[in-house]
Amino acid sequence: MKKILFIQRRSPYGTGFAKEALDAILMASAFEQEISLVFTDDGVWQLKNQQDTKTLGIKNFSPTFKALELYEVKQIYVEQMALEQRGLQIEDLIIPVTVLATAELRQLIQQHDVILSF
Amino acid sequence: MSILHTVNKSPFVNNSLASCLRLAAQGDGILLIEDGVYGGLNHTGFTPELEQALANFTLYVLQPDLAARGIVNQAHPKVQQIDYAGFVDLTVFYTNVQAWF
Amino acid sequence: MKFAILINSAPFSHQASDTAYQFCQAALNKGHLIHRVFFYHDAVYIGSSLMCPPQDEPNITVHWQNLAKQHGFDLAICIAAALRRGVLNEQEAKRYGKSSANLAAEFKIVGLGQLVEACLTADRLMVFGG
Amino acid sequence: MKFAILINSAPFSHQASDTAYQFCQAALNKGHLIHRVFFYHDAVYIGSSLMCPPQDEPNITVHWQNLAKQHGFDLAICIAAALRRGVLNEQEAKRYGKSSANLAAEFKIVGLGQLVEACLTADRLMVFGG
Amino acid sequence: MKKILFIQRRSPYGTGFAKEALDAILMASAFEQEISLVFTDDGVWQLKNQQDTKTLGIKNFSPTFKALELYEVKQIYVEQMALEQRGLQIEDLIIPVTVLATAELRQLIQQHDVILSF
Amino acid sequence: MSILHTVNKSPFVNNSLASCLRLAAQGDGILLIEDGVYGGLNHTGFTPELEQALANFTLYVLQPDLAARGIVNQAHPKVQQIDYAGFVDLTVFYTNVQAWF
């Protein structure tokens, strides 16, 4: 068994990275490995609640994050500093997450076998 | 003669908005679109720079892009929210347009 | 007002082509004219006839085709950018010995001069970038 | 060492696919193995058979084909990313009612599971990003 | 006659923007308009001398800048601050340029009818 | 256990190198490639941050990318210049690799 870490650093919608990264996470969850997700930098915007893409005419993929628990993806981390810089609190996020200080996140990254960053 | 500047990158990631603010002239308009709308928020690490910009420029933000990102309520009160029709009107009101990306 | 539109980014990977489309729709609704939409850099991929987006995602190529047909403006793809990236009409496919073309209907492959001409003719150039 | 390679960027528009190619060549020269090269996001365009780069520019598709043939590794293109962007093999072209396919020889259209499998099998995953 | 301004803000090679922008500049020069070029931000790297792409196996397009004079493109500007931040001097550039202070560049931009930025 | 970080974006434009420096651990290696090599130069506005990074990490730069950009002579003397073969060796020497882009 390998410990796989996904690091999400991109905002949703502006580029296609966030959406296609989520597809990769869901796929990885089928392989019964130990999966962790980290959201930092503009990646924390992916988890912002109240997203409404109707006027843009593109798909709102943020509800899919709520399905992660069903896929047994339960280790979901957010860097505290990334939230603070963006004026966000955990209540603003669409799913419950574990908030990490920068030093804790630094340690967490070292504990994984494979790092997929998007 | 004044210019409407459009900026589509997040100021937390990219220097496009910073360059725009450096090179826009007093009285120009700046419209934040796509990921650029993250630059138009209140209570973020970028807000002090935004408030400095508000002294020299008129700032606009594309409301549909705020809505998609779930941040309509976080928008700075002095930044004017417009829709696509308003975007078109601005390009007519200003005499030229420059895109920063 | 007469607008020239320059799009620089690939579909799906960047929002720019969606924004450009919404802008054009709004401008036309207000009675303005679109002189030409010029697809440069990775935006040439928007002119591919082979895209198969999922049912719940918009088909940006079809959106442009409909808007251009309805309002009679050019969908112009830069030839040099398109050849490099493999967006070909029948003529270019034949010239380069390729077995098939993939340029979508309504789109035209043109020289870069058409971008300059559009800038000179239009009242405003709008750039939607990458 | 056994390497898995993930490429995320379009050819021409980003240097990442060139860097990935140079890395793979150097790794193979040192006797390492490439398990699979996985093309995701805009990198799926690298598998297009229709690219016609100018004479004085390298043809990255041909480079990958030659390297893969010589060393027997997979050139795997993500099916979901490829369908969206219009990179199709014969089977998908038929399924979606398209008149032609444009997947280059040696490239295969595969599921995203092949990326995960590559990560689990290889000693190192190398990501060349956008 | 229109006054057209090209603003180059991207480094060469990392992305394809710089090269394809140069193609557009050469094309525009055939239309006998008044063309100006500005290099700022990482765009100043496009003009760095001694570029050597042999090992990369990609084309070095920087010699094309020397041809701009033949195409009657003679108004070429560089922002001083962009040079300074990057430790560059005009002697490091492949062609002669006019160096502008930020305030001068700000004025110059206002004087054009069409702005093409890459 | 230590990680080789690769960074391919210019620090003058993008926050990738800054994020890498924040989240890399003492003893990790950082390899600057593509436009990332602009972060490995001497006498630029970024050099003070680079020199701070050199206290905690080993910095490498891909020489072919320096050469393409005409900046071999501008490289910081404490940043190790390597070729693609050296790049491969580093991915073996370190136990994991993380890409920042």
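Just so it is clear, A, B, C, D, E and F label the chains in written order, and each chain counts residues from 1 on its own.
Keep in mind that, in the parts below, a contact is a pair of C-beta atoms (placed from the backbone, for glycine too) under 8 Å apart; a residue touches a chain by one contact, two chains touch by 3 or more.
What you are looking at is a predicted structure, and each value in this text was computed from that prediction instead of being measured.
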Minimum number of chain-to-chain contact steps, chain A to chain E: 2
Chains contacting each of chain D and chain F, listed by label: A, E
Chain centre separation in whole Å, for chain E relative to chain C (CA means): 26
Distance between the centres, which are taken as Cα means, of chain D and chain B, whole angstrom: 38
Between chain A and chain B, centroid-to-centroid distance (C-alpha), Å: 27
Overlap residues in chain F, where contacts from two or more other chains coincide: 8, 12-13, 15, 34-35, 64, 83, 96-97, 99-101
Residues of chain E engaged with two or more neighbouring chains: 13-17, 41, 56, 58, 114-115, 117
Multi-partner residues of chain D (each touching 2 or more other chains): 8, 12-13, 15, 22, 41, 57, 80, 125, 127, 129-130
Topology of the chain contact graph, where touching chains are joined (line, ring, star, complete, other): other
Every chain pair in contact, whichever chains are involved: A-B, A-C, A-D, A-F, B-C, B-E, B-F, C-D, C-E, D-E, D-F, E-F
Touch list for chain D against partner chain F, complex: 1, 3, 8, 15-16, 19, 22-23, 25-27, 29-30, 32, 124-130
Touching residues (chain side chain A, partner chain C) in the complex: 13-17, 56-59
Residues of chain B touching chain C in the complex: 6, 8, 33-35, 62, 64, 83-85, 87-89, 91-92, 96-101
Residues of chain E defined as touching chain C within the complex: 2, 4, 16-17, 20, 23-24, 27-28, 30-31, 33, 114-118
List of chain D residues in touch with chain E within their complex: 12-15, 18, 22, 56-58
